[in-house]
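Shared chain: subunit A. Partners: subunit B in the first complex, subunit C in the second.
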Partner chain A sequence: MKARERMPEASFNREYSQTVGEITSPNSRIVCRNVNVYYGDKHAIQDVSLDIGRNEVIALIGPSGCGKSTFIRCLNRMNDTIPGCRVTGKILLDGQDIYDGSLDVVPLRAQVGMVFQKPNPFPKSIFENVAYGPRIHGLVSSKAELEEVVETSLRRAGLWDEIKDYLHQPGTSLSGGQQQRLCIARAIAVNPEVILMDEPCSALDPIATAKIEQLIDELRSHYTIAIVTHSMQQAARVSQRTAYFHLGRLIEVGETAQIFTNPRHQLTEDYITGRFG
Partner chain B sequence: MTIQSEGHTVKRFDGELNDLHYRIIEMGGLALSQLRDALQAIKTKDVALARKIGQRENELDLLEVETDAAIVELIARRCPLGGDLRTIMAVSKGVTDLERIGDEAARVANIALQIYGNDTSNPNERLLHDVHVMGQMAVDALEKALNAFDRSDEEMAREIIADHRAFEDEFEGSLRRLITYIMEDSRNIGFAVNTVLAIKALERVGAHAQNLAEYVIFQVKGKDVRHQGP
Partner chain C sequence: MNEICEVSGQSSGRTIDVVHASLIRRRRAEKRFRLYGLVSIVLGLCFVAILFASIIARGYTAFQQTSIGLDVYFDPELIDPEGRRDPVTLMEGDYDRLLKNTLSSMFPDVKARQEKGALYRLLSSAASYDLRDQVLANPELIGKIVRVWVPADDDIDMFVKGQLPRTGAEGERRIKDLQVAWIDKLEAEGRIEKSFNTAFFTSGDSREPELAGIWGAVMGSLFTLLVTLSLSLPIGMAAAIYLEEFAPRNRWTDFIEVNINNLAAVPSIVFGLLGLAVFINFFGLPRSSPLVGGLVLSLMTLPVIIIAGRSALKAVPPSVREAALGVGASSMQTVFHHVLPLAVPGMMTGAIIGMARALGESAPLLMIGMVAFIVDIPRGVLEPATVLPVQIYLWADSPERAFVERTSAAIIVLLVFLIFMNGLAVYIRKRFERRW
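Now for the complex of A and B:
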């Protein structure tokens, strides 16, 4: 008898159309309702509703092409830069509709920072990488204040002790893990409320990954964090809630421990146990 | 993509889970045959059979150690989640119960040796009646628990848990009867003490069978139903 045949499956939810689990959060910072994203004719995100709470790390998981990156890119309107992309539905950040026509996306992207899969420091010094944001957003009024913001941001990103004597070296001279933490420091420097991370550790070794994960845990006390990851173990380690996406739909969301030990939707179970054919 | 459960993408993982399943079924079969033989030894006064049980006890211990090692390796290699994780946890806990059932069977066999091994006089058959009754109940409960484990049958597991009350009642009734026999005739004390030890061992087998049933429910439903009372 095969192992899978022994597991009764009748109790699993098999509906696609409605998300399984609690989409709301008692302390919501981001509220998404009926979000749809189209790339031309392609319906990439279908009717997704989800809250993200303050000081919460939410992990977005799912197979490649399921829409998890597209979804987090909606949260700071990064999709606006893609030709033919259309977003419908409501996304509120602290009650403010971020797709309101009168809203300026530049301060929004400072409020909702983003860290990408591949570290992308500017071709400038370590100091300038962090100082650039506060300077262009007018967040500092003196050189001393700027230096303080740079130091604080690098400290919060857990990088200060490693690079404090090399602040004027190029950011690109750092190791991959250090570059990624520099990018996090750069995002922190503009005083964001939310940090979006799109597979931030996929190019890093286990030690650099552990440092980023430790950092995520520390940053949670200041920020709301949404992380896209293909690593189930990483999602389980860093997040309090996990959302599972499949073919553009949010299939299931719940407490991370519940999702990884006792998922309620058949698709979630199949994905986390590695059963997709 | 259809919503259709298939085997793991990594086929070897299916094989490893199946291997784990066969290990626990093999352990269960061995524990059951040890228990049956121990009861048979008491019933038929078969001292040689009782001795064999003690010799075979090591086989269960070895299977427990090997299964635990396989589980540790599986967790390290596959990082199981969801239903796989629950299955592995259920097996991990189940092997401990089965090894202890083996210990209880050996205890019953030792009692058979004490009763029949040194003394030529036969015990009062009335005293052994409760051992036969509780022995059959223990065998039935273990057999059913192993079936529930093999089939991941939640309904059967719930029946075992529901039936366990009757097992406990029988145990308490047996104790009362044995006390009465002792009070009637103090010459029964030696045999009665052995009988109490035997039925206590059989009561433990029933409790381990109930544990196995609880693991089945955890495996299938993800619900921990331990320590919830009747």
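Now for the complex of A and C:
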């Protein structure tokens, strides 16, 4: 609101309706053009165009209700499960339109994994949690191979040493941070190409958060990662690019360092300096 | 500044006084409310206790049956004149005469025709069949004198159990003075015994209370419930899963949901009329059969199972679905691998409660003819049968004094079944309930 007061009406409208910064990426894997999302009558995301590059961590920041989560949920079509949700525009993954009517969401979701805000392990054993994905997709042909996949995934998620003796304990018996890393292990067990993280650390203490951030940094070499976060420090620590959303629009996108040190849009500056949000 | 402090200090002091003053009122309201609750619980428990006490007090005697010990001479003249021990001949022997001869020899003073009739009526009309069965099982008995125990007539049974008066105007009593004297004599000789009433649990219905049993009704209930369960459980669960997990939310599904909720509230007798019109008159299925009864009760139970199933599915947190969809499970895998295992205990509880309701239902079954007097024990779903609650209704309608205790005893059996089923539902809920 303050931004609106301070800026001349004309320039505000122009800048507000157009994203500031470079939306394309030299090595782009996901290409979004003019994405609009409606929940019934509510226009939740308006004309968002953004590319996400290979082996890049992009952080999506913005005040609550600005559409960050809605946007990443478009990338693996999780919004399909919400009644009354409609998506228009183009989202291409490796050149393939994921909203094409003939596209099957099952392989898409195997390709684009997701970690949710609240740790949500299945109420099954730790082993079963990680083994479930590879098993349903038929990625393994033998029990030994499955065990190997489970071990590698848990190792990559930095959880193996802590729980290797309790593989058959229920996943829900772990602590919050361990549960979230278990969910990350579950997501990477199906060997996705993109991982979407929707505020993965919002329910965790700083130590567990640090572990997950370190993990994200390590995962970057293999995966493309989009992370929604409310913590600007976290965005600054883990991401290479940052996108700022405001009221359903993508306001500014750019190199993380540039966004945090030298934001070009007034709204971005207000947000990162803590004037609102 | 000073003034403000004073005002705030004053007002805070006053606030606490007001709070204290209101506290007494609030505490009193709280106490009163607790008392209401306690009184309701105690009243409820009292009614349950009265119900159980009266039923058990009236019914427990039915689990015993009086029998009379007689030294019967198995006269070959009467039952096997040719001495060939041929089962066909043995079947047709005059066992009635055997018993009459025995009684006459025990009470030689009884000469008048009417008195003899009263003497013979000490025994159940089924006593001669008992003798026949014993002879058929063991032909060695023929020609010997053996003490056999035969069931007493229902009035004698009631008298021995102390439920018919001994004194008072003779004309108003069912047991006359003469019979009282005979019974006293038999008792003195140790020929009257009360034993466990196995017939009550093993035989079908009868016009004679001492022969009437609930096994026919139990089997009828079992077959009916089997049909109900095998139809309503799969259909109900599938409907619940489809409506909750797969169906699009639109005007049609809303319409279906409203209708299912309405069906759950339809009086059960309406389902009976529907069953009569559709299953018996249109499809021509045999009337009085557990098949039709089961179909009608399925219609009645389906909405209950669907509603319980849907709420069990709704109770599964959406995060579990998101987790499964997020790793790329198809909708069906999500439902069957993750959602259903968590919902099954709730669905089962609903199904068992629905079944218990079906077991206790009588009104719709009256409409389709399961109220008939059926002696034979049903052996399949197409044979005429009756069910426990209808049997209770039939017995409650019978004039004989001995049916009063049998009615209560049948109610006890029905209650045991219902308590068992509800206990099972509670057990399943406690045992398989999973927390997440």
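In this section, the second predicted complex is superposed on the first by the 262 of 277 C-alpha atoms of A that agree within 3 Å, B and C clash if a C-alpha of one lies under 4 Å from a C-alpha of the other, contacts with A are read in each partner's own complex, and residues count from 1 in each chain.
Definition applied: a contact is a pair of C-beta atoms (placed from the backbone, for glycine too) under 8 Å apart; a residue touches a chain by one contact, two chains touch by 3 or more.
Remember, predicted model here, so these are calculated numbers, not experimental data.
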Subunit B versus subunit C as contact partner of A:Tyr132, first or second or both or neither
second
Quick check for you: in the superposed arrangement, does A:Ala210 touch first (subunit B), second (subunit C), both or neither?
neither
Quick check on the superposed pair: does A:Leu92 touch subunit B, subunit C, both, or neither? Answer first, second, both or neither.
neither
Scan A:Pro107 for contacts with subunit B and subunit C and give back first, second, both or neither.
second
Now for A:Asn262: first (subunit B), second (subunit C), both, or neither, which partner does it touch?
first
Can A:Val190 be said to touch subunit B (first), subunit C (second), both, or neither?
second
Go through the superposed model and pick first if A:Phe116 touches only subunit B, second if only subunit C, both, or neither.
second
Looking at the overlay, what does A:Pro83 touch: subunit B (first), subunit C (second), both, or neither?
second
Looking at subunit A, which of its residues have contacts with both subunit B and subunit C?
none
Which part of subunit A faces subunit C closely enough to touch in the complex?
76, 78, 81, 83, 106-110, 113-116, 118, 120-123, 132-133, 136-137, 172, 183, 186-187, 189-190
With touch defined as at the start, can you tell me which subunit B residues reach subunit A in the complex?
1, 3-10, 13-14, 17-18, 21, 79-87, 150-152, 154, 220-222
Contacts from subunit C onto subunit A in the complex sit at residues 248-249, 317, 319-330, 333, 337-338, 342, 434-436
Listed in rising order, subunit A residues that touch subunit B in their complex are 1-4, 6-9, 11, 14, 16, 232-233, 236, 246-247, 260-263, 266-270, 272-277
